[in-house]
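Scrolling down, you'll hit the structures one after another.
Both complexes below contain chain A, partnered by chain B and then by chain C.
Here is the complex of A and B:
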């Protein structure tokens, strides 16, 4: 901690929140809210006179709210930076702190939150984890029985810098407990709350037990566990040491804790798997090893940073094995428990790893980004054809990358600002914009190939690159089997999924079409998904009006973590097709074709599309010929 | 710019198609040679072959040598996910003098053989179609250059716990100006609240 404060190139901004992140790799603009401390940082010398003078006491978060702090405070004596703050919510404006501060004149009640913008090349997100609140598990009595405490409360009570100077006492009578129980997996590996393992709690409870035993060898400690997990270097040896010290280990998750209301002693009811019998044992004090869960504001940070979350709420990495520190957004990296529960050695290692990943960018003068940007055909823009730019593209762009200087001039893409989602391309009513590497002609040619042979049996699946394509990958990696009639097609964002593509799919006689992308909060392109979703909704209504069988056009938002969902959706779509009598399906397909053709009347005018259609006829013929020969 | 987007261009297309076995990951479910035979009959395909591991040095070398030998101007690699090896094959074709955006991948592993192990025939048909779609796309692909953007050589670390502090110090020690943002009044995070840490029992701050 102090190293960070001492290192001249680290600028510690405590009491500061990230409000907004804009821009792209190498060129982020981050808006910070530096919260008012009502103390002038340069003048405060950390003497603490203000806190001593302050008459107000409120619970201190740093002490897990089991000890007070003043309204003029630092959370702990070793705070970095050592600058006091006035907690205005609890301050009674007696100004005793001002008096105590005296000539330093460090206290300034007129301060306001400061909004600052920073230009940043790369971002490392290390927002950590939160603690599961065990009071929801009524069977353990936390909050009702004073001597049932959480492991974090135990940390503070057992800490020489804590409120009892390291003297562990029972909250009910301030006596030192002689017989203690630790319960592991409280809220973790529990399908009611968090199915996953919290990673470090086994070692953590052993550590606390060893510490207590070192201080007082006579204390009797039992750790209730489901499995003991000690896979890292030196961990199993540590566990051995704990057993040699006489710490008891009892396998089986306790079902109930009851209390003797007189002594406030506790009875832990559990099945001892080793003995094969139910046990009820009495303890002076019980510690609950609460699960590590995502931060309470993780959802909010996820949308500020535009990074997706895995099931369970943790930030999701680009690839769990190959790019574990990278977020899906170039230039944003993860370190530590924000990406999943981690112990200290792993968090330190990840911090270094993320720094190494980020420094590849930060040591470069320039960084390469994909040229898959939007480009305008000025001659097709309504500014040219009708003398009036409609501006729909500019409205659709999530990045303000389209400039229309005046209605009579065609729209222009500011390439440096374009992120390549393709929203403007699909939204443009004049088909006057295209996206490099994802042109209409390219997508059309792919569609024709995919639907060349027995289109009525096929499910054409449009997926966005970042999420649903990743979900399809995960379905495969996890071997979640789904129908082989799926034919996947990838564009960068659901915003690029042009209505013309969907019309063309049905004109070609597709059995079913899936329109899929990310969940709204996960969109890689801020609001791209919203644009895609709105369009999908219109299409859904239209197909409904045309009396298309439900399920032949399906819209689903599937994250890169939802391989199971991708497989399920495809299998459900297959069932829709299987349940339709062949004649009925064929009749419905044929009925739709003329309407689709009508809607596609302007499509061949898009540059490249007529050529793609001509070429595709040859290709489709070749595909069917080849398959027949085989 | 419009010549980039108005495709198709008039040049004669010479597409090379590579069907990867990925050991038994693909080859254990479908016979890549059948996809090769299929691809040979597609328009513009002048070379189609299978390879045990397209991403291995030998596989990449095969593609690079073929680009020269057959004068290929488009390459299709039917193998794994673009999220896995698109950069690998872009680099490979680029080393052989072909613009990296003239290479297209078909995902016949994650999105085919791994997902349809129960339906080998269906998987084979799908692998053919996905390969054909990639060949179709190459016809309308154009040379593109990566866009170079400037880099602000300054980092931000969000969160002042042990991971954030570790990242900040490593960046700073490499000479990079780093802003360490912490929402609480002190850095340290959960680590600072702990009494000694396992397995070495040293203090946490």
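Here is the complex of A and C:
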């Protein structure tokens, strides 16, 4: 950190919050709030005289609140930059610090927060993780029993620079504890709190146990665990070393901690899974390894940066295996535990990868993006035709890539921000936006070709590029058998599956239509699936009102790993068609057609659509002619 | 899953019964075993974690004859502690149902009904947390009469029905009225200062039971009952009549009762008794009902000491 701050081209802005991020890759405009320190940074030399003079003591966050700090303080002694600040919430304005500072005159109570705007090329987010509060798990008594502490607190107690100078004492009587227990998975791997594994706690508890044992060889340490997870290089060897040092490992998750009211000694109730027997063991002090959870303000950060969150609240990466350091938004990268709990080597690797990714942007004159971007036909936009932009496209865009500067001007797509999901194209009520390579005309031409012959037997399957198309692919490579009447059609996202496409499919007399995409949390385009799902629900209600047989229009969310599900869904749809008498199916198809045509009245006006229709009609005619001559 | 062709293993069979469906989520952390008090207090072979394994491995005969299948009283202490949110008692109930279907019977001794005394009022059926008693009709001397009968596979032996029966028609060795009343009469010795009724499950650890024994018998007389639902207000009155100065009833915290709602029933009874004492100008402080939780280690000492203090104060006031 000190090295980084000394680099002439690195600018460290401590005590500063990101308020707003606008713009796009290479051209971000970031608004920062530089909070008032009430100390003039250029004059402060970090001597600490002000802190020594300050009479106010408040809990020290860095010391896990087990030691005090002053109202004039630095967060920790290794702070970079080493500049003191005054905590005005707790300051009593005695001005002893001003006196102590003397000739330096570094303290300035008139300072105010400064709002700064910066031009930024790329953003790396490294906001870290938060800690689960174990006091909600009443069975462990944290907060009620003085000798139940968290491992983070223990780490400060055992640190030679900590409040006890490395002398391990227990809170109830300040005596050196002789029997210690660590409890793993407190709040993690627990459906009631955080179902996921916190990744590093096994190693972390072993490390703490080894450190304690090295500094206090006489203490007796037990680690209670469900499973010990030491999967990386050298980790298992470290675990072996801990066992050889005489640290006890007891498999079995404790269900209860009780306390002797007189001695404040603790009793850990746990099953020894190896023995299959209930054990109640006495300890002087118990340390809880609490779960790693997203930072408390992670939701806020995600809305400021406009990046999505995975289930569990962590920032969502572009691709879990291939691009774990990229956010779905170009130019924003993740490093470390803000993207998911990870240990130091993984964080360092991800940080370096993110830095390399970012420097690629900084050294590029041009930036390549996906070619499937959206384009507005300004003459069709309601701003032009009716003088009032409706703004539906801007609302639908998951990336905020559509700007409507004023209601009189047509919507504009910021091409660099567009990722090509096609949500705006499908949502636009005026059909005034198109998506390159997935224009209405192109999709229509494909549909017409797929449904040219005996459409009533066909099942038209709309698949999204990232999930259900992958699912269909997997069904194929895994040799899962499904109906041969399926006709697949790929668009980028379920958000692109226009109502007009579905109407056109039924107007052409399709037997059944599948509307498929990613699971809500997996969407490649942040919220694209939600837009698609909402539309699908509307369509389902509509077809239900029109008394269409259930199962002829089906909505399913299928991930790329669910080839079996794709095959099953298609087979079930085939069963629906098979179970319908031919006449009934034909009658139902015919009954729908006029209503569908009515709804598609304006569709041929979309540029290219009429031509596509004509062309496919000629093609169909040619095929029929050929058949007749044959 | 309901389709017969899909039920292939014993685990599938258990999963078709409501409550059994979460079976395979168990990752064997042992939380249930350590939260449950049956292994610690009654049977070392009792182990819910192992029962789930037996089911998953298709070892149905071992599962049916395991004490775990029959001794679980559905207190659900394990359910609230389970990190996988498996409703273990329901899984065990599913196994038990299959065991009953397969002809296995409970090894526990149920309460029995004395038909000479039973009037067929049905109060026992109303108070039982396990719906073990039910009424049936049979002809006696040419007349149709109603009697209560107890399902031996359902009765867990809490004794709530024994206390509730107005005619003393239900009983079992270990919970009968005679066994308790004999402990409340002191024809040869001075009566003790305090009679403490202790539910077998309210004191979790042996150290707490040692505390009880540390008081001399002529100061504190301890009467063990299977559940505070077994407490009959008559017992309290009987004790006071024989010269005892105070009665302390100690049960489990609500939600932690070993027999689902015995502590709730006892709370109702004891509060009513207290109100009654107030109405006839008897010192209400002579009787007390406390509920001890799983984490209240050592609290019993404070409670008994407090009660002994109260008694001396009451005594002074009376004299």
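What we mean here is this: the second predicted complex is superposed on the first by the 371 of 630 C-alpha atoms of A that agree within 3 Å, B and C clash if a C-alpha of one lies under 4 Å from a C-alpha of the other, contacts with A are read in each partner's own complex, and residues count from 1 in each chain.
Quick note on the criterion: a contact is a pair of C-beta atoms (placed from the backbone, for glycine too) under 8 Å apart; a residue touches a chain by one contact, two chains touch by 3 or more.
Predicted model, so just to flag it, every value in this text is computed and none were measured.
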item	value
Touched partner set for A:166, first chain B, second chain C, both or neither	first
Which of chain B and chain C A:253 touches, first, second, both or neither	second
Partner chain(s) touched by A:3 [first = chain B, second = chain C, both, neither]	first
First (chain B), second (chain C), both or neither touched by A:280	second
Partner chain in contact with A:610 - chain B first, chain C second, else both or neither	neither
Residues of chain A touched, compared between chain B and chain C (which is higher)	B
Touched partner set for A:579, first chain B, second chain C, both or neither	neither
Partner chain(s) touched by A:624 [first = chain B, second = chain C, both, neither]	neither
Touching both chain C and chain B, counted on chain A across the two superposed complexes	none
Parts of chain A lying in touch with chain C, wherever the complex brings them together	138-139, 141, 185, 189-192, 226-227, 251-262, 267, 269-273, 276-280
Chain C - residues contacting chain A, complex	27-35, 39-40, 44, 47, 49-50, 78, 81, 83-85, 204-205, 207, 294-295, 297-299
Residue ranges of chain B touching chain A (in the complex, touch as defined)	1-2, 4-8, 34, 37-38, 41-43, 81-84, 101, 107, 109-119, 121-123, 125-126, 128-130, 132-137, 139-142, 144-201, 204-205
